[in-house]
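Shared between the two complexes below is subunit A, which pairs with subunit B and subunit C, respectively.
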Partner chain A sequence: MAFIECETLTHIYLKGTPMETVAVRDVTLRIDQGEFVAIIGPTGSGKSTLVQHFNALLRPTSGTVRVGGVDLSDPKADRKAVRRQVGLLFQYPEHQLFGETVFEDVSFGPRNLGLPPDEVKTRVEEALRSVGLDPAEFGPRSPFSLSGGEMRRVAAAGVLAMSPTVLVLDEPAAGLDPRGKTEMLGHFRALHAQRGITVVLITHSMDEAAALAKRVVVLDRGRVVMDGPAREVFTRADELTAIGLGVPAVTDLVRRLRARGLPVRENVLTVDEAREAIREALGWS
Partner chain B sequence: MELTRYVTIGQYIPRDSAVHRLDPRTKIAAVTMLMVAIFIVRDFAGYALLTAFLLGVIVASQIPIGYVLRGLRPILFLLLLTVILNTFFSGVREGTPLFHIRGIVVYREAVMRAIFIGYRLITLVAVTSLLTFTTSPVELTDGIERILRPFRRIGVPAHELAMMMTIALRFIPTLLEETEKIMKAQMARGAEFDRGGALRRARALVPVLVPLFVSAFRRADELALAMEARCYRGGEHRTRMKELRFAPRDGIALAVALAAAVAIAIPYGLWQRLVL
Partner chain C sequence: MPPLIEIRNLRHVYNAGTPAAVVAVDGISLTVERGEFLAVVGGNGSGKSTLAKHLNALLLPTEGEVHVDGLDTRDRASVWDIRQRVGMVFQNPDNQLVATVVEEDIAFGPENLGVPRGEIVARVQEALAAVDMLEYRRHAPHLLSGGQKQRVAIAGILAMRPQCLVLDEATTMLDPLGRREVLETVRRLNAGGVTVIHITHTMDEAVLAHRIIALQAGRIGLEGPPAQVFDRAGDLEAMGLTLPLIPALARTLRADGLPLREGILFAEQFVDAVAALAADTAWKSRNGVH
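What follows is the complex of A and B.
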């Protein structure tokens, strides 16, 4: 059984007022434990709204959402238990820091769980380490004295300290410099690989999606328009371009080479694969 | 959780109606006249006329009546309290006694007065919300600026006041959204805002307020920079894209509003003596 199951999920904001907008329409989606899924889609396609249903921050206007077998449309469902399992990192989370110290901020979640102080301490330290921050150095500092990238990592640690089994990331690398991006995404890739955490990554970057996710879900105007292995989704370049997205840079390169008459195989996602494919096509291998 | 759903302050409902098209100054003047009339009116005939006039304006403005009534929700408690206090402690000592509770005699006259006062509150809210429903915040502040302009000579910073109002109104939805986002992020980390007593709830809000203030200051700073980058320097010599101009319909509207206000304010008895 899938861990997260959405069945004909629809969400309408401000229903019954003149400002009513349909954000998510009739979405049916299953995500299994241990998957790494990328959700891509143009701005306003309903990505953020969709994922907020995964930990009961939003309730569906119609349809159902089940997480770990619990029906979240049931008002009696234990939302807190669901939020412990599904961690959600919002866009620009560094704007939400509030603690006097990094330690205090990261420990917010574990303290809300009512854990004993020594357990809180271990969790915070572990969380900080897993995003590459030294607890001894950063713990006592004020989060407002950190750089943008460090603040973002502290915010991520705040979610990781909840020890979620599913991690939902809403554009975790947006607005970071190239090194910050690589590092940030590297931490999540490692968490997925080492601890088997399920990751749902919302991104605008086709390269990020291609490099990290095995499965790609494409949203457009609130509907799921494609859902499948990254390799397959990214061969549908024309459709992706039509809704304002694109394909990863190397996939595009290969497409152009093919258009010029070089018979390179099409489903290429990474630089290494592209090198192999081009060598093959040139008969060098 | 949709905070914007519950806050209707300054909410504007765009429609293409005769009331919407009026100059904001006309509407502000008409609302002022009506409010004066509402404070003066004492008799049934006046209230009947006021109700008829308000219904007419609501129909003309194409605002669903449910919306106008929804604006009353926040003052419901105040309304009830006013009516109850006025019924029991009105100071009316004579007239037709209706009933008494623990020695407090309730007179028919007191009940009538309490109902009138309650109805007065309702109409006041209805009139002012009609103004905000039919006038966009920008138009409204433009109108206020123009009305205040003559007072600049005596040191009223008309333009600055209007700009402050515009910016404040502009940021209400933004800050609400921000609050919602921060609360959601913290709920995702196990915070509960709807549990526990008043003290616990208040304490749970502290972690929300800190980032909210930080971001409000950041936004203010960015806005100031952006305004300076576009050479903003206050009201002097500033031209505007949409000049406010009185049209013939504004004259008609003002005349109608004035006539209605006078008709509402003058008691029926006086009318009889004047006309007959």
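What follows is the complex of A and C.
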């Protein structure tokens, strides 16, 4: 059974006022345990609104959302239990750090769960390690003395310390430098591969979506307009460009090579695949 | 005429003289010529944004000096002349627009300069046309897309008739279309004579510049035209940076033994080079390729 299940989900902000805006319209979507899904769409297409239903921050205007079998449109639903299972990392989460030390900041969630101190400590250390920060070195430091990339990772550790089974990431690499980006995304890839954590990744980068996710969901003006394996979605270059998106840079390059009459195979998503495809086309194997 | 921007031995220390002192810029000398398109790259914390804020006197040197069109940024009397010459666009499109209607937002700058009303109208028209946003002149800025907001922010600067546009990670928060819109606008303005300084983490944008400087720990680590800078993959990597996709792929294939020429930066060049190779029967027969 699907872990996250949206049925004809609609979300309207400021309903009944002149400012009424339909952010999400009639979305039906199922995400299974263990998937790595990218959600892409132009600015204002409803990505952030949609995922805030996944951990009960927003309630549907109409339609239903079920997470782990709990119907979140029911006002009596146990929303806290859902928030423990679904961790949401907001955009620019480093703006939300508040602890005097990294340890204190990351331990805030598990302490609120009422866990015993040694369990809290274990969780904080494990969470910091899984984003590449040494607990002994970073734990006692002030989060505000860290670099932007390190602060972002501390914020991610705060979510991971709740031991979620689903991670929802809203543009987790935006604004990081190339090394910070690679590291940050590498940690999420590892959490997915090694611990089977379900990952829902919102991104503006087609390259990131192609490199990480097996499945890509495309939103446009609040609706799901495409949903399928990354390899299939990114063959629809013209439609994606028309809604303000695009295809991964390598996919575009291969299209150009083919347009020149070179027999390069289609459906290339990564640099390694492009390298193979070009060698193959030139008979250089 | 003096160069548009001349920086000599600039140092910037935040909280100077306290235990929390941080050296953000540590001895940069740089000349930016009129009409140039310069990209500034570097990891988080390398000093890019601090350097940018010196270009229109938002920050003043701890040591060294910055001259804009011959004006010294330390001279208080020149501040407004300097800011009229160098305009900045920042990362977050939502923090830069002040008015409730697009054309009023554009008029804000020239109004503050005391430009006569008739000319303001002409300037607003011209600035919106330059960023291709004329049809949105009566729209509310908060209802625009990210790319449109950044173009309005650029138009607001253009209405001041600046000589130089500084983009401080101005494309970071935009979706693919927004990026394309802003980059096309900037390239068009540069072709029309506006000097552009583009600060970015995205190497695929830096490759569009005439010249790149890469900062590391507040100093210039690498400098040169894109073809030259992206020929130094090892040095870039050591600085936490990467090659743009096309040069990276060309480099990998060269390492595999394919005789692709050096200095390939763009997709069109890459396609030309691979097509030429495919047509080169001599190379094929020599290498036993069928």
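For this structure, a couple of remarks:
By our rule, the second predicted complex is superposed on the first by the 285 of 285 C-alpha atoms of A that agree within 3 Å, B and C clash if a C-alpha of one lies under 4 Å from a C-alpha of the other, contacts with A are read in each partner's own complex, and residues count from 1 in each chain.
To be clear about the criterion, a contact is a pair of C-beta atoms (placed from the backbone, for glycine too) under 8 Å apart; a residue touches a chain by one contact, two chains touch by 3 or more.
Remember, predicted model here, so these are calculated numbers, not experimental data.
By the touch criterion defined above, A:Val199 reaches neither subunit B nor subunit C. Look at A:His95: by the touch rule set out above, it reaches subunit B but stays clear of subunit C.
Look at A:Asn112: by the touch rule set out above, it reaches subunit B but stays clear of subunit C. Judged by the touch definition given at the top, the superposed model places A:Met162 against subunit B, while subunit C stays out of reach.
In the superposition on chain A, the chain among subunit B and subunit C reaching more residues of subunit A is C. In the superposition on chain A, A:Thr17 makes contact with subunit B only, not with subunit C.
Contacts of A:Lys80 after superposition: subunit B is touched, whereas subunit C is not reached. The interface of subunit A with subunit B does not overlap its interface with subunit C at any residue. Residue ranges on subunit B touching subunit A, taken from their complex, read 1-2, 4-5, 13-14, 181-182, 184-192, 206-208, 210-211, 214-215.
On the side of subunit A, the complex with subunit C involves touching residues 41-44, 147-149, 174-182, 204, 206-207, 244-246, 249-250, 252-253, 256-257, 260-262, 271, 274-275, 278-279, 281-284.
Taken in their complex, subunit A has these residues touching subunit B: 13-14, 17-19, 52, 55, 57-58, 80, 83-84, 87-88, 90, 93, 95-99, 108-109, 112-113, 144, 158-159, 162.
On the side of subunit C, the complex with subunit A involves touching residues 42-45, 91, 145-147, 169, 172-178, 201, 203-204, 240-242, 245-246, 248-249, 252-253, 256-258, 267-268, 270-271, 274-275, 277-278, 284, 287, 289-290.
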